[in-house]
Each structure stands twice: as structure tokens, then as C-alpha cells.
Amino acid sequence: MTDTLTPEKQSPPSTDRPPNSFSDRLFAGLALAAGITIMVALAGVFVFLAIEGAPGLSVDPSFYEPATTFAGYVWPLVWGTTLAALIALVFAVPFAIGLALFVSHYAPRRLATPVAYLIDLLAAIPSVVFGLWGGGVLNRYMVPIQDWLYAHFSWIPFFAGPPSATGRTMLTAGVVLAIMVLPITTAICREVFARTPRLNEEAALALGATRWEMIRTAVFPYSRSGMISAVMLGLGRALGETMAVAMVLSASPIVTLNIISSSNPATIASNIASNYKEATPDKQAVLIATGLVLFAFTFAVNFVARWVAGRSDRRMA
Amino acid sequence: GNEESSGDSSSDSGLSGTLNGGGASSQEKAQAAWRAGFQGDNPDATINYDPVGSGTGRENFINGAYSFAGTDSAINNDEGELDAATERCGDDVIQVPAYVSPIAVIYNLDGVDQLNLSAEVIANIFNGSITKWNDPAIADLNPDATLPGDTITPVHRQDDSGTTDNFTQYLAAAGNGAWKADPDGVWPAEYKGEAAEGTSGVVGAVTDGSGTIGYADASAAADLGVAAIQVGEEFNTPSAEGAAQVVANSPTVEGASPNDMAVDVDRTTTESGSYPLLLVSYLLACPTYDSAEEADLVKGYLTYVVSDAGQQAAADEAGSAPLDSSLSEQAASIIDAISSGS
Amino acid sequence: MAKSIDVSDLDIYYGDFKAVEGVNLTIRARAVTAFIGPSGCGKSTVLRSLNRMHEVIPGARVEGKIMVDGQSLYDPSVDPVAVRRQIGMVFQRPNPFPTMSIFDNVLAGNKLNSKKMSKSDAEAIVERSLRHANLWDEVKDRLNKPGMSLSGGQQQRLCIARAIAVEPQVLLMDEPCSALDPISTSAIEDLIHELKSDYTIVIVTHNMQQAARVSEYTGFFNLRATGEPGRLVEFNETKKMFSNPDREATEAYISGRFG
Amino acid sequence: MSTLQQQPARENVAVHTVRLPSWAPWLVAAGSCGVGALVWLLTTSLGLGVLAGVVTFLVALPLWSAAVENRRAAVDRLATSVVWTTFAVAMVPLVWLVWTVLKNGLPVINAQFLTYSMRNVIGDAQGGLYHALMGTLLITGAATVISVPIGVFCAIYLVEYGKGKRLARWITFLVDVMTGIPSIVAGLFALSLFVIIFGPSVRIGFGGAVALSLLMIPTVVRSTEEMLRLVPDDLREASYALGVRRWRTIVKVVLPTSAGGIVTGIMLAISRVIGETAPLLVVAGFTDSVNTNLFSDRMMTLPVFIFTQYSTSTEKGLSYAWGGALVLIAIVMVLNLTARIIGRIFAPKTGR
Amino acid sequence: MAKSIDVSDLDIYYGDFKAVEGVNLTIRARAVTAFIGPSGCGKSTVLRSLNRMHEVIPGARVEGKIMVDGQSLYDPSVDPVAVRRQIGMVFQRPNPFPTMSIFDNVLAGNKLNSKKMSKSDAEAIVERSLRHANLWDEVKDRLNKPGMSLSGGQQQRLCIARAIAVEPQVLLMDEPCSALDPISTSAIEDLIHELKSDYTIVIVTHNMQQAARVSEYTGFFNLRATGEPGRLVEFNETKKMFSNPDREATEAYISGRFG
């Protein structure tokens, strides 16, 4: 039998063994080190962006064309980034939640597993392929839809038109982004839905709840913060996606609500990807500075999301 | 795989080692042909070419990351690049044309198989002042065609591109003032239209839409309609010979060093059979390298590139225009001076 | 308004595993019926089959007949949701909704049906249910605190209050007092006494004294061996069961009596 | 007492309610198909037909239910139909994409395509993606080796050690921010990092791995964190009460309990980065030849292969691009399947 | 080898909330001490402070003194891990490790600390512990099945077996029988009787008869009002406590006796 507290056998425990063993402290140290590594990596990215991008804030105005200042240059890009991500979320979130529910609560078990698998498969499709598909296949099918939207809803600023003849629009990019965002959002939602305590689900059912009511009373409230982080992850991916947007979207430096015309603002990331390679050093600095803006932008978005999630967590505590 | 067998090919010219270069994406296919040809002759040598774009190519050449670079726009001193390159090389930087390719104006319009356009009309289409296919300006040039009243959707590159740079240079020079914007690799923001990523994106967009028109390296035009452009009184479709002819008759840039063969392309030529809408892409190299192996590889590779065999390989693979023999000889003599050490 | 339940030839399965076999019994309306028996013999399983909660476990199914007031419970035309509403249930482990306040937990069932409920009605229901569950005094000042902030015993009483709040006609309780202290247990037993004049109550308990105290009828379940399905060994009036059971097995189980 | 007043109302709620027969949804589905087909015929637009069919289904079944059953049943049926429709609609792009990839990719896949590189391959000669395949496996593998320990340990810190600490809140926040790093920025960062160390000409596979890790770590942290939080404290306490040290509790009880979810999360993270193009093009470079050394010379990867082949805008290039996409997807499928099997082995066993 | 425990002026906090106040008592070695009292009065809390399990809850802390065989339990130099190994614990809700088989669950205390042991030793420990917990016969044929495949009652007995397997010197049990049927309960009570000649045992129970049956000493905890901290009202020999308690409150609680 071990010792520490057995004075007959041992000297007092104080000298015998430190209160926290070395192995425990080592492990905790490793964990902490991993956390700090992340902070350092992020700080590294930030410092890199700041150093390389700072000159880009004030180069010769000709680099900001058609604007003359950095703010004027970046503003349409911020706008495009926001618009594309929002369209993606508008499509993706309901579908992600629906699909996750389907897998966790609705589908017969024999169907649920393959479907979950198929959705994960979607995550594996490289963004280049989404670009190929979105810019070469899907866009053709979007043309009639956009024509129809223009014909019937052109009074809504989003569909002010005139519709693009090639379908390479913000709407198409948003749809492609939505499909790209879907797997990650669905996977996390599915995971949190499935983890709802069985006891709570049964409690709701035993009160005479229908399946949908059970989901509303037991599953959704329990999953709220998980769902928010799922959406955040999706948003993160939508904001930063590069190649697919670059290959699908027909971009020009303007700010518009119109999502079906051929003049659409680029996103920050796609603009970097499109213009980085041929750019001269000064122009590259401008592009990196826009990367810094994207960085700050995701920072802000996360801040807001965190606040929202925090509020819902507090209600749950 | 194919790599093990690569040692079989019997040649003992014996260059070996790895040579890294990169730059203009327009050269990618030609580079593939050159690398294949050169590596076939020198099985122990590996040449890499990153199609990262002319700007990055030049930058990496200047900072020493690349032993040689490809660039669509000749290096100049507008941003001090030429000085920086000279500093890197310790001597006047070598700049030789390696890849000359006609740019095609491609379009997709039902029922119109043949289309004649002038630089001015092209400029007006791409700047948005001509919006219908049956516009009188177009109809005047195409008396035999039945032009529909469809809207024209011009498609341009959204990325910073050498093709755009050369296309806009042509429009600015030959467009009778219809093109107001400064020629640049980035499409001018004031001129709208569809934007697409890369040459393949433009080709894809023109193919997908109807009533679309765009510009792309002639070898990528595929099955699309290709417009003939007005040169003097005739209308010429893109051809390697026509492009080569223009380059051969263009002067080199004034005040350039003897190592610099940058040509000032004569976009306004009216000479019969020429095709002035073209892209000239250069190779950058140093006259001296620190390491003998590097020097030998650069010299060997570039010699091959400008040789008749190399130019023909590129023409077969990428549809480019082989360099005129005088140009090619001049380039070869500059390259021949590459040496190692101080 | 209370219901009587007739069970005949009931076999209950979890997938391929037959957990319970050949159960025949009649649960009288307006009476308390207790299920006793050793751990794992299928008491909870039978109980859950009485309000069609059994089928929410994937692969679980039931063979045989259960008639509620002469209507077949497992008839395809029967809506399990309506069944569960009228045959309420309290579980072995307390399971308040973690995101809801105490107040909302009690009203969870009611809110499903009537979207709009006046504030005073809601408060009346909450107070009445919590009083019945003997929890009112302890929580009346913190009705807006989360349900999970209560101790285990308090949580269980909260769950009982929640089940009572929808005024079911039958109340199934699966060891409802196993997490409760004697005072709360006593309160719940009082409550059972109070409710049985109007409701049909079935209670699973491992506490034979509790069965003896609260029930009029008792069913004794047993397993022949591990892995075999559980069976109903004897179903009798509680008095008879505890004084002079028909079966020897019952006698043996009860005489190892413990409190 | 109000109970008594409400009794008549309660009496109405009979156990036996009128319910729609079990074939009702199928009937409505069949009817909706009919409506859809009719609209298709009339408007000659397949899209409109499908839309009409779906809308009919979504409206008809709940309405029927509301008429025959009750409002709550109708809402429940609506929810069920919506969830099923979501599933069906979401499958459309998926199947479409996979179909496109299969249709375009299958014809080019053969032994030579898988075992040849593109070295010295020009014109119509057949090459392959062996070099890119090796590169992708090596770079993604290295990225996984870097990010999984960091990510999992970081999640352990956040869940097991950092509860309530300000540092932990900061790290959580920064991890969220990290999910937003655009991939090209990650590539540029990795490049500049290695340029500082090795000089400007550096193009190595390991640099690509670092860039990918930057993109992978936040996903790993987030999913692992999520899984660790789901392990009930009961289990940790049971272990502590047996006199087990905290780190052993974490390693032997907490991690195994959540292993299934963690592995799935890692797989998702790999899936997310394995298709990244821009950062790899920047830092790992581009080559036609096989290179299996992560620490010297450039290395080709499948996404870069796809992109460069597509960029050639030739028919051959395009078909190679689709072939590459198919191979990439197949790799991930295999990885996924393996992960699933591993996940199942580690998943808590209920044995029922 | 059993330990005695002296508690003096113990206050226990959850963050800012003082859950228990001013506890003074002495737990005798080789005896069974029972804690009784209404739900929420802090029985579990006090129990958990005896093997430093209280502090694993974030923000939880303890003031006052606990002396185990004359050594301060909360001395900074004492390793809580070593404490817990010698002062074992069984929880209110069964919590077998879901990833482990029945066999591994029993051996968890040894295996998790990576003690090497021969196969036969391991089997001997498993069999002895399971027999003690009265579970051997039910599971001996499926030791490799997951621990979660057992019914609630079986799971709890598995947890008891797991705690016994590391041979602690003190055994703390928090309502260990609340999920058990009478036969298992009886087995556990027998086990307690058997163990108390060697071990010090503290048991929280809401079942006063159980307290009366198994314990030599009993502590009665109570709350003055909700939100106030719990206090130890009386600590006495069990016989005295149940026949002639010193305090009126104890009398009142016990006379509302229930079983």
C-alpha cells in the first residue's frame, strides 16, 4: 500500500513528495507551451503582415487605382468579402442545421452514416475544383435563375441587374462558398446535436413533445454555443477562401449591393491571389496591407461572435 | 514512372545540377517544352520554372532566389528594378526575348464565324462605348456578316497579367485615342465588363456566355471564334509568322545596355501580313554567376531556348512565334558570354 | 379520467436482445402499482413501454398487446405524442433542461401546447406543481435561476413538478426517490397518495418498504439468469404480496427484505 | 382548483387521435412529383419543375396534417419535410460535383497517370501526377505531425488547465482569429519565415507544411476542445478519486473517451488543408519532377498540379486537372474511412 | 492501517458561496460513520473535502483543519493524488469508464497509474473486488464487455469494485446504494460490515435505516434556510442518535423517519 499519509511507515509527507509531481507539471507545461505556440505563431503572422504591409498604406496613389488612398482601395474589397461571406452563410447555415439534424435525429440509421460520410467528402474537394466547377459548370445554370430574379425582383437592390451573361456573379460565388462552408458547419452541428444528453431528449418526449418540439426544447438550447462556433468556423472559411472565389467571381473595384451583375467587388483574399504574382514590390505591399485588413476584420467578427456566444452561454450556466 | 527511364537517353553533354527560375505564366507551356528538350539532352540536369507571374519572377531574380526569370514586361527602371537587377548581377543584366506569341481576340457569337475588327473598334468594345453586336462600327467592318442585336459582354483578366499589359498597349497605341487608360497589367477599373481569372478563366467565360468577347494567348483560343484585326487595309488573324515579323521589325528600346534586347514593339505597323497584337516575353539572366555549375546551366539552358530547336519546340507546344534568326543570333551571342566567377 | 392499462403477452426487445418476456398484468385506474425486482430484470423497460418511450431507443421494439381503457396503445393510428402527454413519466436520474430556468423547466410541457399563456396562469401552474413536489419553499425566491443550479434531490423534485404540470392521467415513475432524502421522499410519497384518487400511478422502486407503503398492487420481476429475458414472476395485491405471496421466488426476494 | 376546471378540456385529448396513414407522406411525395413533372412539361424548365415539386410537398403535407391532425402535428411534419428536403437539396451539388469530377477524371486515370511525373512530358505524351501525389502525402503528413500535437495540447490546456484563466480566454480568441487567416497569407508568412532562415531562393516542402499547419491548427484546436468539453466531469472525478494523477487522467480517460470525435476533427482539418493551392504554390513551389525530401528543393502537390494543369488551358491540361481532383478526393476518402474505423475502435462502447 | 480523521472548524466554499459552515467532528478509524440530512445540506460537499476531491471543482476551496492520523490534510506539502489513492470514493451516480471493459474498469486504479502486474495477479484482484461488490456471478462470463453495457445497478456495483480494487485505507461513499436494488444493497451493506474491521468508512445516505444498520457514528447535517450554509447539527453514536438524540432538530428529522 502506498505511503504518504502513513506516519508509522514514513517520514512526514512534506519531505517525501512534492505536492504536484514532476510529471504533472511537465504535462501542464506542455499544454501551456502549445497554447503559447499558437499565440507566438499568430503574433508572427501579425508582425509579418504589419512589417511587410505597412509600406503599402502609403505608396504612390497610382497603385490604389481607381482610388487614391489605401482606404479607398480596400473598401470595395472589404465590402465584397462581407457580401460574399454573408451570402454564403445565408445559404449554408439553414442547410447545415437541416443536414446535421437529418443525420443526428431524422435519418434512418442506415442512411445517416453514408450521408455524414458524403458530407465529409465535400470538405475534401479542393477549392481549385470548386473553382473549376463554379466557374465552368454551375455558372451556366445560374444565368437563367439570375435572369428570372432580375425579371421579377429587380426592385430589390440585390437584383438590380442587369444580369451577367456568364453567371460569374457574387450570387454564384456565394453559392459556391456556401457549398464549401457546408461540410465544416454541418460536421460540427451534427456532433453537438448528437451529444445532447439522451436524458434531456427523453424528458422532452415524455412530456408529450413531438420530435420537432423535442429538438426545440432539448437539442437547440443545449447546442447553441456549439452551433455558433460552427457558424463561426464556416464564416472564417468563407472570409478567407481564395482560389474558388478568384476563379468564379468577375471582379472589379466597386461597391454595390447588386449581386447578379457582372461588376462585383472582389474579396480581399481573392484579390491578393489574383494580383500578387505579377505585382511589383510596392503593389505587393499594398496587397499584404489588405491582408492585414482581412486579419483585423476576422478579429472583429470573432469578437462580436464571442460576445453573442458568451451571452447564450451565460443564460445556460 | 517515367523518371527512372530518363537516364537511358544517351547523351554525354554532361550538364548536371538543378536550376531554378520562374516568372511569367505566359511562358509556362513554352518552358515545359524547353525544359523537356534540355533535360532530354542533359539527363542529369533539372530545370524548374515557377509560373508565379512576371512581377514575382523579377523580384525573385533580383533577390537571388531565381537564377533566371521570365517576364512579360521588359525590366526597366521605372521602379528602380533595372538598377537592382544590375546590382544583383554585378554587371548589366541580360534580357533576351524568348517567347513571342500572338494574342487572339476571341468571341462567342452564334452564326458569326468570321469577324473583322480594328483596334479602335476593339478599344470601344472593351471600354464600353460599343454595346451591341450590330453597332454600325462593327457592321462597317463586316459587310458580309449578319450581326445580331445582342449585347456585347467583354471579358477581361481580373488578375494582374502580361497578356492584359500587351493587349492594352496595343489598344493605346493603335486605337486612335479610343483607349484612354494607361496600359497596365491590371485591367483599368473604369472599363467594366466580365472579369475572369487567368487565361483559362477568360476562355471559359467567353465559351460559357453568349455574345461574349475576350482576349487570350492565341494557343488557348481552342474552338472559339477568333477575330481578324485590321492592319493597314487588310485583316489578319493571329499567326506566329505575323507576330515574328512585327518583332523583327521593331527597334530595341533606346538607351538600353548591350545585354538588353528589350524591343519597343511597333504596334501601329501597317506592313502586310504582320500581326501587331502580340506578347513578347523575356528571359532575365546575369552575365556572371558565382558558381560555375550555375553559370554553365544558365548558359546551356538559355542557349537552347533561343536556338532554332528550342524555338521550334516552343512553337509546337505553345503555338508561339519562333524568333527571327537575326534576333536569335544576337541573343545567342549575348548568352554565350555568360561566365562564372569574378 | 384516470386510465386502466391491460398488458398481455408483452415481449420487449432491444434490437435482437429480448429484455423482457411474456408479461401479463392489469394496472388498475386510480390506484398505485409498484414494480419491484432485482437490478437488470427489466422494470424500467416495461415501464417505458407503457407510454411508448421504449421506441425512442433505436432498434427497440415491442411485441404483444397493451390496452389503455380498451384501446390498443400500439395501434398504428395512435399518436405516441398524445400518449406521452397523458401518460407522464419521471426518470431515475434527474434531467432538468440545462438551458432553462426553474420556472421554465416546470412549464416546459405546458408551453408545447399552448403558445400563449397568461403570466398569472403560468405562475399558478408553476406554484401548484412545485408545491406538489414539495419544492416550492426552497426555490420560490430563485425561480429564474437555471434548473441545473439545484442539488440532485432538488433537481429530481423539479422533474416531478415538471411532469405534474401537464396534468397527465397516468404517471409512470422510475425509481423517482432514489436520489432523494427522506424528507423529500416522504413528500413525494404523500404526493402519490394525494394523486392516486385521480390518477393511475405506476412506480418502479428498489425499496420494498416504499412499495408496501404507497402501492395497492405490486408486480415482482425477476431474471432466471443473466442474459435471459426478465419475467413477471407475480402480480398481486400489495398486502397479499408482502404477507403471503403465491410464489416461492417472491417470498425469497421479499424476505431478504431491506429498507 | 384550476385542475378541476381544466378537466373537460383534458378529456378531449384522447390517446386515439386521427392520424394520417403511414403512407401519407409517400402519397404526397408522389403527387408533388406529378406537379413537378407537369410544371416541367409546361415551362420546359427542369429547375422550375423541381422547385414546384418541392414547394408542393412542403405545403401539401403540413396542410393535410393540419386539417386532419392538429397544429402541432402539422408543424412537426413540416419540420420533418424541411429536414428531408434540406438533405435532398444539399445532395444535389454534392452529387453533381462528384459526378462532374468522376466523369471528367475517370477517363484519364490509369497506371501511367498514377506512376509517372510530368518530367519531360510535352505535347501529347502522357505524363502523370506521381510527383504531386508524393508531395501532397508528404507535405500534408508533415503538417499533420506539426499541428496535431500543438492543436491537441492546446485544447487540453484550454479545457483541462485554463478554465477561467485570462490566458485561456485569449488563446481561445486567438484561435478563432486564426481560422480567419486567408490561406495565401499563411503561405506568404511561411515563405518569409524560411527566407529569413535559408535565404531568398528557398522553396521547400516543409515550408508548405508550416503554412498548412497554420491553417490546420485552429480547426484541430476547436474540434478537440469541443470534444473534450463533452467528456463528463463524472469520469474525471472517478479517476481522480482513484488517486490517478491529472495528466494520466487526461491521457488515459479523457482522451480515449473523446478519441473518436478528435480523430474525426483531425480528418476534417486535413480535408480542409489538403486542397489548398495558393500557399503551396508560393512556398513549396512547382516542379515536374519527383522530390521526396521535405527539406530541400521544391515539391509539387496535387492542388498545385490541378491548378497548373488547368492554367495551361489545353484540353489535356483540363482533363489532367480533373484527374488530379479525382485522385485527391480519393485520397481523402481513404483517409476518412481509416479515421472512421479508428474512431469506431476508440469510441466509448455501450455494448448494447 | 485504517485512519482516523479529525475535522475542526471546517468551512467549505463554492467560489463565494459558503456551502458548509463550522463543522467539527472526529471520524474513528475502523468504524463506519454515516452522514444524514436533507437534500442540499452539504453532506456530499463535506464528504468530498475529506479526500481533497472538493478542490477539483474550479473555485472551490476549504477553510479550517482536517487532520488524518495527526497530519494536516490540507498542508501545502501534501500531495492530493496520494491522499485520494488512500482515501477512496464511490459516487452517487455510477460512472464506469466508457472506453474500458468491465475487467479494465475494475483494474483502472492500478492500470491508470501504470502499475505493472502479472495477468494472474490482475485476475485475482478483479475477481476478489467483483466478489466483494457482489457482481462477480453476474459478469464473470463477460468481463471483456464494456462497462457501460451493464444496468444502472450493476454499474454502481462495478464502481464499488473499482474503488475497492486499489485497497484504500478509508472509503468514502456518497449514497452508494441509491441506484441499487435491495439485494445489491444488502450485499454492499454486508461488504461494509466486512470492511470496517480494517478500513475507515464514511457513508452518505438518505436512508436512515441504512445509517442505523451499518454505522457506529452518525452525523446529522441541516440547513437553517435555503441559501444559508449547511451545518453539522449533531454528531453522535448511532445508537444514541436514533434512540435519544441530543438535539431537537435531529429528533424531528429522524421521527419523520422513512425508509
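To keep things simple, chains are lettered A, B, C, D and E as they appear, and every chain counts its residues starting from 1.
Everything below uses one rule, namely that a residue touches a chain if its C-beta (ideal position, glycine included) is under 8 Å from a C-beta of that chain, and two chains touch if they have at least 3 such contacts.
What you see is a predicted model; the values in this text were computed from it and never measured.
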Along the graph of touching chains, what's the shortest path length in steps from subunit C to subunit D? 1
Quick check: which two chains are joined by the most contacting C-beta pairs? A-D
One chain's C-alpha mean falls closest to the whole-protein C-alpha mean, and that chain is D
Chain whose mean Cα position lies farthest from subunit E: B
Can you compute the centre-to-centre distance for subunit B and subunit D, using the mean CA position of each chain? Integer Å is fine. 40
State, to the nearest whole Å, the distance from the C-alpha centre of subunit B to the C-alpha centre of subunit C. 83
Measure off the straight-line distance from the CA centroid of subunit D to the CA centroid of subunit E, and report it in whole Å. 46
Mind pulling the residue numbers of subunit C that touch at least two other chains? 81-82, 85-86, 93, 112-113
Mark out which residues of subunit B touch at least two other chains, giving numbers and ranges. 25, 52, 198
Going by residue number, subunit A touches two or more other chains at 2, 21, 24, 210, 213, 273, 276
Going by the contact rule set out above, which residues of subunit B touch subunit A in the complex? 25, 52-56, 58-59, 72, 79, 81, 151, 153, 155, 158-162, 185-190, 192-198, 201, 204-205, 208-212
Within their complex, state which residues of subunit B touch subunit D. 1-3, 6, 18, 20, 22, 25, 28-29, 32-33, 35-36, 39-40, 46, 48-52, 60, 63-66, 198-200, 203, 216, 219-220, 222, 313, 316-317
So in the complex, which bits of subunit D are touching subunit E? 163-164, 232, 234-246, 248-249, 252-253, 256-257, 259, 346, 348-352
Per the touch rule, the subunit A residues reaching subunit D in their complex are 2, 21, 23-24, 26-28, 30-35, 37-39, 41-42, 44-45, 48-49, 52, 94-95, 98-99, 101-102, 106-107, 115, 117-130, 132-133, 137-138, 141, 144-145, 179, 182-184, 187-188, 191-192, 195, 210-213, 215, 226, 229, 232-233, 236-237, 239-243, 268-269, 272-273, 276, 288, 291, 294-295, 297-299, 301-303, 305-306
Provide the residue numbers of subunit E that touch subunit D in the complex, in ascending order. 51, 53, 56, 58-59, 81-86, 88-89, 91, 93, 95-99, 108-109, 111-114, 145-146, 148-149, 159, 162-163, 166
